[in-house]
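Below are structures written as structure tokens.
What follows is chain A paired twice: with chain B in the first complex and chain C in the second.
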Partner chain A sequence: MSLFCEKLCSVLLLEHFGPIVQSVGDDLFKHGAKSLGFIRATTGLPLPKVKEALCVLLQYGFAIHRQTEKGIQYHFLPDKVITILRYPRYMFFAKKFCGDEAEMMLEEVLKRGYETASQIIIKTFHRLEQHRSEHQSSLSMLKDKFELLVKNQFLTRSICTETMDEGPAEKIECNVPDLNMQAMAQIMQGNTDDPGDNKIYWRVNLDRFEQDLRDQIMVSAITKRVDENAGELMRQLLFLMYLRTASWADTSNPIPYSEIKEAVRKINYPLLVQYLDQYLRLLEEDSSQFLKRVGDSGGGQFSINTKEAFSQLAWTTVENIVMERFGSKAARIFRLVRSRKYVEQEQIQQLAMIPAKEAKHLTYTLLQENYLQMQELKKAGASAAPTKTFFLFYIDLNQVVRMEIEHCYHALYNTIQRREQESASNKRMIDKQLRIQTLTSNLKEHGATEEQLAEIVEMMTPSEKLQLEKVQNTIKKLGGSELQIDETLFLLTMYLHYH
Partner chain B sequence: MAGRGRGRGKASMSINVEQLGFSKGEALPPPVLQPPPKYPPLDYKPISFTLTNETNYLLELKRDFAEFTRESSYNVQPIVIKKDIERYSDKYQDMITDKTSYEAHYDWTRMPAELKPAIKKRKVDNIKKVVKKKKDIDIETKLKELETKEDTQQSDTEEDGKEEGKNEEKEVDEHVEDEEEEADEEMDDGTDYYNNYFDNGEGYDDEDDNLDDGPIY
Partner chain C sequence: MEIDPGPSEEHNVNASTEDSPEIIEQKIIALAHTKTKGISDKDILSEMPDVQPVQRALVINKLLSQGLLDLYKQDKILLYRLKDPNKVKTAKGADNEEKIVYTIIEEAGNKGIWIRDIRFKSNLMPTQLNKILKSLETKKFIKAVKSVAASKKKVYMLYNLEPDRSVTGGAWYQDQDFEAEFVDVLNQQCYRFLEQKRKETKDCRGGPIAARNITFATSREVWKFISDLGISKVKLSVDDLEMILNTLIYDGKVEKTLSNDGTYLYRAVEPLLEPPGLIKAPCGVCPVRKNCSDFGDVSPINCQYITEWLA
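Then we have the complex of A and B:
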């Protein structure tokens, strides 16, 4: 793992869990698996704090422990730490898919690493009560939502090594019903009660969310390339793919035409039903290669080629990066090298129709930045003189993608650093604004007059207000770019996952 | 003779300059002697983006999550070793911060047992208190011992006895101090540091003069 991956993990842990967890995480990252005593020795922290920090890491699934003959070893999982950046996306997805309550439940689980069903439901209920009193939601409704989440595999059982359990599906059926009454009583009186699902924990199924984000990328790519209807067709195809194929397979098993037609008829897309054949042909003949026709029986057999799709998406992403960093002429050269596989300098400037000097300059810049690679070809028996050798330029996509992932880590790290710095240097003002907010809300409750409220608002001078607005905008923008960088990072990691 | 051919070429470059895109007469760029700038100017600025409602909502979720974890017990607080002074607000600060051990937050059937906090704290405190009490007793008994010693010393030494008699009404502590002072004096008497062996050379010249008065024949 790389330097910036480490730095990013470190800064994320610091942002969320404070410096002690950060230093324990750093230590585990640097040295791989380690036992408690060693961690303590290398970090130099007091033992109880090391223990506490390890508990936090284990709780959130950022580290795992394994029993070995040398005692318990702790492993750090950097990928899981980086997924913190993706949590909001997951929550938003759950919101779209299962509604607001489901989103809140998911949030509760994410905030605690893992949790029992009863606790999740009770906490969500409390939060709903606080947020809006007019819309009463019952416990049983929340229970249904919970079951929906489980059914959609957004939540899975969190099983530790000691207790091996049977499938989760029957488990909820038997534990949720007898939870209902007692849990109600618990909420009303604050009594401690046994809701009947002690030690049955649930955690967020990150794998499932990754698949969903992957599908989302594919659907939106098709939507952008063709139109809404085609995007919807892609979505239906992906649903059909889940029925017959393992979720992370390179290509789906063939889907017969009749089933696609059946699925499309169920949804409300009249144009898609009418022009289904044309749309299928469009996708199939498109250069992006998302869909492949694998047979002609029964009106045609189609297979989704996820692997190819992501290599296409990665190419496009990298091309765009080159375009934005070095300009359109460099992007033209990059595309040219891509289409020609191996190409000589002479050919580049001829085919790209760029003046020789500029073409050379751009090519060498790309070479220097590692977007292009160079292969030397020598004639057998010839001298080592450079005139006698061919220099062929080519692109190693895997290498470029890895480099870009590195850049993403770097950019994320810088953005987070910058954001922290912005908020730290303007801490006084932000705190002041918070104080004013709490004051006004307090006074409003006590029935203060308009004048009093206006007086409090005036505690901020106009220049301070201006400055604050500026800072808040900057912080927001930085946060937004974090999300966008993460999107790119996700796409690129998906590519690596398949290749 | 062998080296003669070397100097003859048109250029000392080992590669053909034209290959790099320079025409024959063109001057090569001067060598770069400075390190590249720390913040090189950007040729292409990144495109700015606008925050949509969706990203705003996502940002809110993100902030909420970060705030929750930061303020929860999962944010491990460092041990505050020593406070400079006790403040009035400390009492209230303690009430706000959750002082319970992290043990309560976790299900220990799932966590390795070695991570459990050790329950030694109270014992340690007790031991410390006991030690302190013992020390107190020690001091008192020692003082008493010293007093009795002084009484015996009174009879032994006559000169000291007179002085001691005046001070007898004073506190025990002073007795100890006096004794220390006396001990210091005795130490000074006992060693030879008191005697001044040091010759500062003042008398040297006089002696010399005496010697140089004149040769005695």
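Then we have the complex of A and C:
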């Protein structure tokens, strides 16, 4: 694991959980798995603090504990910490599939790490009451939403138990327990009652969201390449893939044509139904190779090649990065080397039709930045003189991807740092605005007059307002940038996952 | 290359000289014409039995010195062969060294040969060789051509030859300079043509496959389009244009497929992805990222690039 991955995890933990969790996380990252005592020794924190921090890490799934002969050891999971960046996208997904209430529920679970169904529902109910009193939502409606989330596998049972059972539970029951609605209503009123799901905790199924993001990338790539209909076909194919294949398999098991036809008929895409054969052939013949025809029985058997798809996507991403960083001529050279596998300098300038001097400059720049690699080829028995040696350029995609992932970590770290800096340097003003807001809403409740309210609003000078707006825009822009960088990071991580 | 008449022959010059040397000369040349593989002494003897060996030797020596005949040795028999008339012409008035250099250059054909290689092959001194080359050049037997592969490198070839593409670089070179702008313009125009075809599919009603097939264009079609545009002063061949189309493939804008009849079809394609989010951020394209750290002049806190981007 890399320096910037460590820094990024550290800064994320600091932002969301504070300095103590950060220092424990750092410690685990640096030294690998460790027991409680050692963590205390190296961090120099008091034992209760370390315990608390570990609890937080375990609760959110950022660390796991393992029983070894040296006692219980804690492992840090940096990949999981980085998923914090994707929480907004997860919530957006839940909103898209299950509606606003579901989004709120998911947010509650994400905030808590894991939670019982009754608590989630109650908390969401409270929040809904606060925000939109005009919209009536009932407990039973929320319960339905919760069940929908579970059915869509956005939530899953948390196997985190108080006892130290080793190994994952063989079969996790995913049925929503019967909730005692009356008891829940009682709790709402402030009484204590048993809603009937004590110790049945739920957490967010990150795996499922990763799959969704992955599928989203594939669908949008096909949409961009061909058209909307083909994109929708890809989505249907992915649904069919889940029915018969482990979700992270390299290629799906064959999907028969009849089933595809059935699935397509159910959705409202008349053109797709009409030209289904042709669209399948298009996807199959496209150079992106997302879909492969594996047999002819039953009108054709098709298999989705996720592994190949992500290699294509990673290539495209890297090519794009090269283009933006070094210009389109450099991207031309990069693609040329890609298609020729191993190629000499002479050939590069001839085939790319770039003036010799420029071609050399670009090739060696790419070499220097590690986008290209060089292979020396000596004739057997020939002298070691450089003129007798062939210098062949090639690309090691795996290495380039790893380098770019590092680049993403760095960019994310920098963006977060800058965002923190921006908000810290304008802290006074942001706080002031917050105070004014609370004051206004308080006074409103007490029935203050318009004049009084106006007076309070005027506590912010115009220049301050202007400045504040600027800072808020800055922070928003940086936050958006974080999400975008994370998209790239996710795609490249997916590539590594498959290769 | 004097031919010794041989000890066995008698020196009898005066006897039976009915034919003058000129006539014998004509006869031998005529004989050599009939046998392209070469004639031996025996052949001459059987054809012209009345010619005295001494006289024969004289005539042949004359012909050899004039460069009309070549002397070969095959299976220990001497053979005379008629020289190519062209070669005869050039060899006129040239000395032996010039002839050697000339043959070396001739062998190189229209690819030409570098002066250093001539020196190695001929074993001549550089100063002497320079002199010879200059004299051959002034006589317009050879010419010097600048190669595009290395601008300082001159290659020599026969005067009447058209230099090879590898030397001149074909249509893309003007006076040994690569015409980058010309290539760029062609590259853009080819793409425009293919892109135009792709746009036409928007209102195609024959289904997706038909729509895709419309976007395909053969290199000949593109070639015709470019020729009709008249942007090129030089006459371009279809092969030249395929080179341009290949650069478009390397630009990721065009795809190539093999059609049923073995020709290549080209079509414009959309990339799979939007530009990745990484490069939309200032850190994605940062030129000083390697120096970037929490402290020092380059740090995210006081980064000029981020400040400009935020502004």
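The rule is short, and it goes like this: the second predicted complex is superposed on the first by the 473 of 499 C-alpha atoms of A that agree within 3 Å, B and C clash if a C-alpha of one lies under 4 Å from a C-alpha of the other, contacts with A are read in each partner's own complex, and residues count from 1 in each chain.
We adopt the following convention: a contact is a pair of C-beta atoms (placed from the backbone, for glycine too) under 8 Å apart; a residue touches a chain by one contact, two chains touch by 3 or more.
Model, not experiment: these values are computed from the prediction.
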item	value
Superposition on chain A - do chain B and chain C clash or fit	fit
Chain B versus chain C as contact partner of A:Ala249, first or second or both or neither	neither
Which superposed partner A:Gly18 touches (first chain B, second chain C, both, neither)	first
Touched partner set for A:Leu58, first chain B, second chain C, both or neither	first
Touched partner set for A:Tyr87, first chain B, second chain C, both or neither	first
Contacts of A:Met429 with chain B and chain C, given as first, second, both or neither	neither
First (chain B), second (chain C), both or neither touched by A:Leu439	neither
Touching partner for A:His410 - first (chain B), second (chain C), both, neither	second
Inter-centroid angle chain B-chain A-chain C after superposition on A [Cα, multiple of 10°]	110
Touching partner for A:Leu468 - first (chain B), second (chain C), both, neither	neither
Touching partner for A:Lys476 - first (chain B), second (chain C), both, neither	first
Shortest span in Å between Cα atoms of chain B and of chain C, once chain A is used as the common reference	5
Interface residues of chain A shared between complexes with chain B and chain C	324-325, 356, 477, 481, 483-484
Interface residues, chain A side, partner chain B - complex	15-21, 36, 46, 48-49, 51-56, 58-60, 65, 67, 71-72, 84-85, 87-89, 91-92, 107, 110-111, 160, 162-163, 199, 201, 324-327, 356-357, 360-361, 386-387, 476-477, 479-484
Residue ranges of chain B in contact with chain A within the complex	15-16, 19-21, 43-44, 46-47, 49, 51, 54-59, 61-66, 68-70, 72, 74-79, 102, 105-107, 109-112, 114-118
Touching residues on chain A, where the partner in the complex is chain C	221, 224-227, 229-230, 274-275, 278-279, 281-282, 287-288, 312-313, 316-317, 319-321, 324-325, 328, 331-333, 335-336, 339, 351-356, 358, 404, 407-408, 410-411, 413-415, 417-418, 421, 474, 477-478, 481, 483-489, 491
Chain C - residues contacting chain A, complex	172, 178, 180, 183, 187, 207-209, 212, 243-244, 246-247, 249-252, 255, 269-281, 283-285, 289, 292, 294, 300-301, 303, 306, 310
